[in-house]
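Here come two complexes built around subunit A, the first alongside subunit B, the second alongside subunit C.
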Partner chain A sequence: MPARNHKQWSAKPDLELGEWVDSRIYSDEEIFEEELDKLWKKSWIALCHESELPEPYDFRTGIIAREPVIMVRGPDNKVRAFLNVCPHRGMTIERRPSGSFAPAQPSGNPKHMTCLFHAWQFDMKGNCVDIPRQKEGYQDRLDKSSQGLRALRCEVKYGGFVWVCLDDHTEFNVETWAAGAMDCIKDSLDAEPLELIHYHKAIIDCNYKLWHDTNSEFYHDYMHYHNRITGFNDDYFQRECSAYDNGHVNVGTFTVNYEEYDVAEDRGTLSFPNLPPDNWYMVDMFPGLNFNLRGSVVRMDLMTPLSANQVMIEFRGFGLKSDSPEDRAHRIQHHNSIWGPLGRNLHEDLIGVAGQGTTMTPKSEPRRILHGRHEGAYIHDEIGMRHFYESWGKKMDRLPSDPEQKYKAGKVMGPEMPPAKGLSTFAGKGA
Partner chain B sequence: MSWEKICGVSDVPENALEKFEVNGIELVVANYGGGFRAFPPRCPHMEEALCDSAVLFDGMLTCTKHLWQWDMGSGEKTGIAEKELLFYDVKQEGGDLYAQVDEALVYEDDDDEDEDEDDEDFFNAD
Partner chain C sequence: MNVEEQHIKSLVRETIYAAAMFLDDQKWNDWIDQCDESFHYSVVTYSHEVRKDLTYLLMSHKEMHPYFDLLPKHNTDHSPLRRHASIYTVDVSEDGKTAEAVTSFIMTQEMIDGISAPLYSGENRLYLTGKYYDKFKIDGESVKFTERVARVYTRRFDKGTHWVF
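The block that comes next holds the complex of A and B.
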């Protein structure tokens, strides 16, 4: 087709509903605000890992849908989550990313969270335990026992990740939320305690869903000649995508030929427990969480949407807590050679989504974003994105391809395809 | 009960607080002018380290975090303090200070004792 004018460019593509989306879902600020409420505040988010707060009174702070969250480990070793907000005047209680409440703070006591502003103090269970001059100021009208922190639903699950959900009344726990999507890596993550071995973050000028999309199809790897001759064998492109309830997708394993990688060594001996040597699973959790179990290392990406056109991505790498120093050094090298800021493939993905972000700024001209490839639910198939946007549409009650319209079911699987593994309800044709 | 040597009298100048360890038990020695007191290292209010954060002046020990005070002469709480300090018996003999520290004095801990809150009812309560 020749180049198109505005009307032709805006016309619906010759594909079925569910096989494309309107680019406004990546750029519209009203839709973005609605996503925070309907998706991010309703989902279970793995906000950190228990090894980031290993000792009693350790804490880690984070953000879900602009709400500041603090996770603390109590003297009973239990991890709890609260809004990181003082009930007095709404001050952020703790501003550090992580640390310990065991030592005294400038205006507070040991073993307590203390608001810097007026020194209200809280214990590790969120009880308010001290209001300075309570009697003088409030007489008997207000008691600290009524001024506890806002507790959040919190579960440590799947290898020690700390999952938080802002919705008190969610119908899910972490396991039912995952709906089977984590089962393929669960036994490897749960075999023995994990430990954080890598952390970095990137703030990218693109919508968070674009990062999810790039993890949902792997055929961009096919375009890199380098990949096709160095380790990504035919089996790589036969990896099967499976869709699960709540919008999750996982990608089945294959055996990586590390000996064909430049500067890479075989990872078989260091591969995770309950994982065949050099295998690689990936799990995409709705709406913005990604687990990669690749031989000797686990990677977890957490997206934090900052605006319609900006996302913070935190990249964490994990080894085994029992690692010897030598094994740990190898795992770190394995992690960084692929996924470090100067690794083999991470920057390519970041360049991809940053380029998309440039074309999809708020109020930019809408266009069609296509994900209509059907190739047997393997790597070249875009079922991952179609499934994600069906769930997105249902939860948002908007039609991804025309977001001013209410949701109706689109096509996820080709009619010749059997239903993907793990899916109990299915929106698309061919279910 | 036995007397254990804690320090030399000259190791703790007037109005000073010094921390020592005897039999694996930490204690703070206060020279308040009229004599010596020895007590556990943490404030009975919110576990502040008294050796770092308390001020000793004019016979009065003041924890600077919430201004709880104790009269070192009488040993009693004063001002807004709500709990008594616990003291180890001390005596001076020659140039040395002795205390009876057979076991650590502990304050009744009044937090972290409540029931677990994370049952289903918690998040659905009115």
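The block that comes next holds the complex of A and C.
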């Protein structure tokens, strides 16, 4: 067909329900606000890693669905989470991204969280322990014992990630929320303590789901010379995508041939415990978390949706706490060569979603976004996105392909078929 | 300061500014030619977010050619990065065979791709700030980099880049 006119361009694609979505789900502000309430405030989010707050009184701040969150390690070594909000006048209690409450602050005592505005003080369990001139100001009408912080559900799970949920009444703990999706990497993550080795962030003018989509499909490996040259063999095309309850997906492993890339080194000897050498698992957790266990390093992407057309993505890398300095240097090198801010793959991925964001700004003309590849649930099958949007539709009670309509089930699974063969003759392999 | 030391300092300054121009112009081989075989390059930062020194790039001299030779095979944002460098200090060793320099730099990006090319193409954006901590080997009129540590004060890179700082 030649280039299409408006009617042709806007027509439903020749695919089944569930195999495409309407671009308004990536750009509509009303839908975005609803997502914060129905998805982000109901989900378990891994906001940081315990190695970011290694000592008692350390803290780390984050955001879920616009709500400021603070995670603190108490003198009992337990990590707890609270809204980072003073119950007095709504001031942010701690303004820094991380630090320690052990030393005194200009407005407060050591070992306390202190709101600098009026010096209300809280302990590491969130108890309000001091209101200056409480008796004079409130007489017997209000007591500090009733003015604790807003506690949040918090668990340290799967290799030490700190998971927080804003919903007090969620029926899930982290494990039941994960619904088995993390099982493929949990033995590697839990084998011994992990330690953060990398952090940087991006703010991209695109909807958060576009980044999650990118992490959910490998068909875009055509964009990555690194992945084409080190993969695209028979084993690569046998990687299976598996769907789990609550919208999660994982992608099975294969052996990456790092030696095919001129400046890459083999990662076999440093591969994570309980992971075959140079193997690579990926887990996409609904609605916006991604774990990559790739040989010698773990990468975790945390999305913080800022608006319908803007997302902050924080990129973290992890090694083993027991690393020797030499091993640690190699892990950092392995991580950065593909995933650092100058890394070969990450930059390409971010160019991709930034380009999508450009075409899907709020109020722009709706268009069809296709998720209809069926390849037997193997690596280039777009089942990951179809499964995500099935869960999205149920939780939002909206039809992803026509978000003004109520949800109804579409097609997620395609026909069974054998995996494709390696594309050794692919023209771009050595381009 | 004697005349010889002044002369070496002048050579070091010229070398740093020439490197800035080579990097601005993506003349990677010319930059590599300025580096001794013992050269090591790194990009580091202190992250207030995680309270750690982090390394974003580490490269030895022998890795430089393959690194740059592979660039054309990758998809890269077209918006060039350029730097403004101000040399703060140059210290020459007593024997005149080595030197160290500290250079403050900022990098700007000439938007071409931009977020939306028709809208942002043509504008310049601050990309990062940092300091170069350079070490040199001096042999007569020859000044070669033996180490460059680019300490940046930026942890937010948005789309990122394939081009070194």
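Heads up, the rule we're going with is that the second predicted complex is superposed on the first by the 403 of 431 C-alpha atoms of A that agree within 3 Å, B and C clash if a C-alpha of one lies under 4 Å from a C-alpha of the other, contacts with A are read in each partner's own complex, and residues count from 1 in each chain.
Convention: contacts are C-beta pairs under 8 Å (C-beta built on N, C-alpha and C of every residue); 3 or more make two chains touch, one makes a residue touch a chain.
As the structure is a computational prediction, the values presented were derived from the model and not from experiment.
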item: First (subunit B), second (subunit C), both or neither touched by A:3; value: neither
item: Per-residue contact with subunit A, leading partner among subunit C and subunit B; value: C
item: Which of subunit B and subunit C A:74 touches, first, second, both or neither; value: first
item: Which of subunit B and subunit C A:347 touches, first, second, both or neither; value: second
item: Partner chain in contact with A:110 - subunit B first, subunit C second, else both or neither; value: first
item: First (subunit B), second (subunit C), both or neither touched by A:127; value: first
item: Contacts of A:168 with subunit B and subunit C, given as first, second, both or neither; value: first
item: Parts of subunit B lying in touch with subunit A, wherever the complex brings them together; value: 42-43, 45-49, 52-53, 65-66, 111-112, 114, 117-118, 122-124
item: Contact footprint of subunit B on subunit A as seen in their complex; value: 74-76, 80, 104, 107-112, 121, 123-125, 127, 129-130, 132, 151, 153-154, 168-169
item: Residues of subunit A that touch subunit C when the two form their complex; value: 52, 96-99, 196-205, 223, 225-226, 261-263, 329, 332-333, 336, 340-344, 346-348, 350-351, 354, 357-358, 431
item: In the complex with subunit A, residue positions of subunit C that touch it; value: 43, 47-52, 54-58, 63, 66-67, 69-70, 73-77, 113, 115-116, 155-164
